[in-house]
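The structure follows.
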Amino acid sequence: MPGDHARMLEAARGERLWPRAPLWMVALGAAGSVLLLAYPFIFKASFSHHMMILILLYALMAQSWNVVAGFSGQISLGHAIFFGIGAYSSTVLFAKYGLTPWAGLLVGMLLSALAAVAIGVPTLRLRGHYFAIATLLIGSSVQIVFQRWDWVGAASGLYVPIDRTSPWFYLQFHTSKVPYYYLALAAAAAGYLLVWKLRRSRFGFRLQALRDEPEAAASLGIAIARHKVLAFMISAAMMSVAGTFYGQYVLVLDPERLFSVEISILVLLMTVLGGSGTLWGPALGAAVLVPLSEYSRIWFGGTGRTIDLIIYGILILLVCMWRPSGILSLFEERIRRRAGVTP
Amino acid sequence: MSLLLDVQGVTKRYGGLTANADITFDVNEGEIVGIIGPNGAGKSTLFDLITGFQPLDAGRVLLGGRDITGLRPDRISRLGVARTFQKLKPFPDLTVTENVIVGALAHTADMRTARDQALEQLAFVDLLEKRNNFARELSTGQRKRLELARALAMSPRLILMDEVTGGVDQRTISGLIDLVLALKTRGLTIVTIEHNMQVIMRLADRILALHAGRRIAFGVPEEVRREPAVVDAYLGTVPDAA
Amino acid sequence: MSRDLIIQAIVSGLLMGLIYALVAVGLSLIFGLMEIVNFAHGEFLMLAMFTTFWFWALGGLDPLFSLPLVAAILALAGIAVHFGIIRRLLKAPMLAQVCGTFGLGVALRAGAQFLWTPDFRTVTNPLIAGRVQIGPIFIGQPQLVAGIICLMSFVALWLFVTRTETGLGLQATAQDRQAAAVMGIPTERMSALGWATGLGCVGIAGSMLSTFYYIFPEVGVNFALLAFVAVALGGFGSILGSLVAGVLIGLIESLGGLLLDPSYKTLIVFGLYLAVVIVRPHGLFGRF
């Protein structure tokens, strides 16, 4: 027996630290990357650029929700607030003080992270349902505040000042959407790279541990509150980045839209549908739902938003009832389980 | 032999019910102390109090001379106290190896080191075969060993085991006994709650007997099993070690 | 600030609080039985209000008479939701449970908006209308009747849960499902009954609300938020807690609106929620 054991141990130690992605997946990834990089030159229509920009931004937002809900198990039903904070921070600083939106981007991230701390410290220690309710209340409250706050334009919102002289400095492009596309791609890529590194890091594992069994996690030396708040902060900052870019893209901020339940629902749905706790689930969800939402707007016109919501609501319900771990969970599991697993 | 764990007059009340009443005992370094008592005697509660999972109403807990009363559970773990739970808590969506890695991450930040240590612990508890399975796929006996491996990966000074042999078959029990004795040889200090009298008699250097939240005996096994209160509580004499 | 104004605010807050309480108790019952928070609760209230409205608009039935009908319809809806949806959700992880009922609520809200437009509706000239004057205070008759009926419903619910065998079965299932099952209580049916009762209460509340409140697809949102706070304050699973908490919230909302800017009511309520769950997580009377 001991000899067997020693040999098995040696063999196990020699194994790769992380499972190797199957060849087909690597090939798919390579092809996908090439496609994404060349996209604006393959599909030249402005509408297709618009679509991809939204997909990329939502993919980033959904991943943000994934960090806090999929990886650390905290269900946020009001995630739109960080999106709005990001958009408003950069726009207000630009409109009132002429600060370049790039700086505004960083300020937005900081403010969102601070908001996450302010909200998270008192509420993250609550049980799941209580926290979810708190996020609902916060989401509602923040929307009301922004709709009444005159300094940021109250219910009429804010316009991002137009400046055609220096597009990269002012982060606005008027002749073509292509720069927006690459910016969105860069942002999304950064976000996904972050999560990719995170989930195999010490922090990432400890997060997942406290998500699944908080007591066992505590008994293994994991400071629960600190980890949850940190995850919340990272999530908030990611959402804020998307918000800033969105603001610079649409050039008008409407508090009813930015802090809307619709956005909170969308990021939730995308991740749950694609697979919460997976790396690519949020992207898959975004890739499915953004086109759905855009086309429903085209087909149904004004009532498109309402029909969207009906579909989203039913979809969330169905996914939660029949396949709560989402589409990609099965795939990722198969990959994590290598060859030679004993039944 | 120096004193590692010193529990002094620890009390826990839930409204009208007193789960632990003024319990005092100590554990020397390198020792195995067994805790016995009928169901509801307050054994698991005692573990919760020592490891900070529940606040105590009176008393103190000292670890290596340092007062750890009232500290948060993760703080106490980081001071070198590991525990297993009666109701097993594997991380279901992580593989067996990843489960143990979480334990190793308590004292190392490098993933490769953590993985290697995890593999060592898995070899020790004889779970290497299942290392790439997901934790939820394991049988009860395997989960118990996983929980143990995970706790050991923390390289603790003291480990509190809650009913390690509960719900497993005879053959697995003797394997577990050997495991625990091997741990003692490695220098680990162990406190274990056990229902199985034969197991306790073989393992324990000293035994703490609880009944209805009170300590009714504490000492070497031969003394404890002759203690009238213990005999009463267990409806007869405690059998000799097999 | 005249003394009369304050007394007026107290009385209207009390009456409104009784309605909040009845809405909250449904939520509390459901959570007590199966630890699921019904995030679609407000939407069921909205549906109750719309059902009452359509009975009146199309059938000429006054809310006072359609009350039992609406309550029955909502109770049936509760049973349908339990068997159709909740039973599956119970097997899913908590993330799915929260998101599931949340999604249901969103779909119902949007569905109502699609079918009936976002326009505000009212039940004009119901049977019970006008005001009553007691001393210096004016009380709307619909509000008064609503409050009384809600209070009566509470009493009926209390008697049902504590004095009838079925009611005791409900309590047993809520306290310890496994033990209840072992004792031969049909826990599955108890859960369905919990949903039926919970949504039945919402039906009564909604029906009464229709006599004096605007009816529109988003109306449930605020009531749901207040109900969540009420249940957290009173304690999940406690009937008495829901009553006390609901009334308290009605009072705080009313007085808060009087003393501060009424548009910040949600913030006040949110502050209250935070204070409660942090300081006293179990609420006033709760077990969780």
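Just so it is clear, A, B and C label the chains in written order, and each chain counts residues from 1 on its own.
Simple rule for what comes next: a residue touches a chain if its C-beta (ideal position, glycine included) is under 8 Å from a C-beta of that chain, and two chains touch if they have at least 3 such contacts.
All values reported here derive from a predicted model rather than from experimental measurement.
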By the touch rule set out at the top, what is the minimum number of steps from subunit B to subunit C? 2
Taking each chain's centre as the mean of its C-alpha atoms, which one ends up farthest from the centre of subunit B? C
By Cα-centroid distance to the whole-protein Cα centroid, the innermost chain is A
Chain centre separation in whole Å, for subunit C relative to subunit B (CA means): 47
Using CA atom averages as chain centres, what separation in Å is found between subunit A and subunit C? 34
From the C-alpha centre of subunit A to that of subunit B, how far is it in Å? 41
Residue numbers in subunit B touching 2 or more other chains? none
So, in the complex, the side of subunit A touching subunit B is made of residues 5, 8-9, 12-13, 17, 200-202, 205-206, 208-209, 212-213, 215-224, 277, 333, 336-338, 340-342
Hey, which residues of subunit C end up touching subunit A in the complex? 31, 37, 39, 85, 88-89, 92-100, 102-111, 113-114, 221, 225, 228-229, 232, 263-264, 266-267, 269-270, 273-274, 277-278, 281, 288
Quick check: in the complex, which residue numbers of subunit A touch subunit C? 69, 73, 75, 77, 122-123, 126-130, 132-134, 136-138, 140-141, 144-145, 148, 261, 265, 268-269, 272, 276, 303, 306-310, 312-317, 319-322, 324
Within their complex, state which residues of subunit B touch subunit A. 51, 53, 72-75, 77-78, 82-83, 85, 89-95, 98, 101-103, 105-107, 109, 111-112, 114-116, 119-120, 122-123, 126, 128-134, 150-151, 154
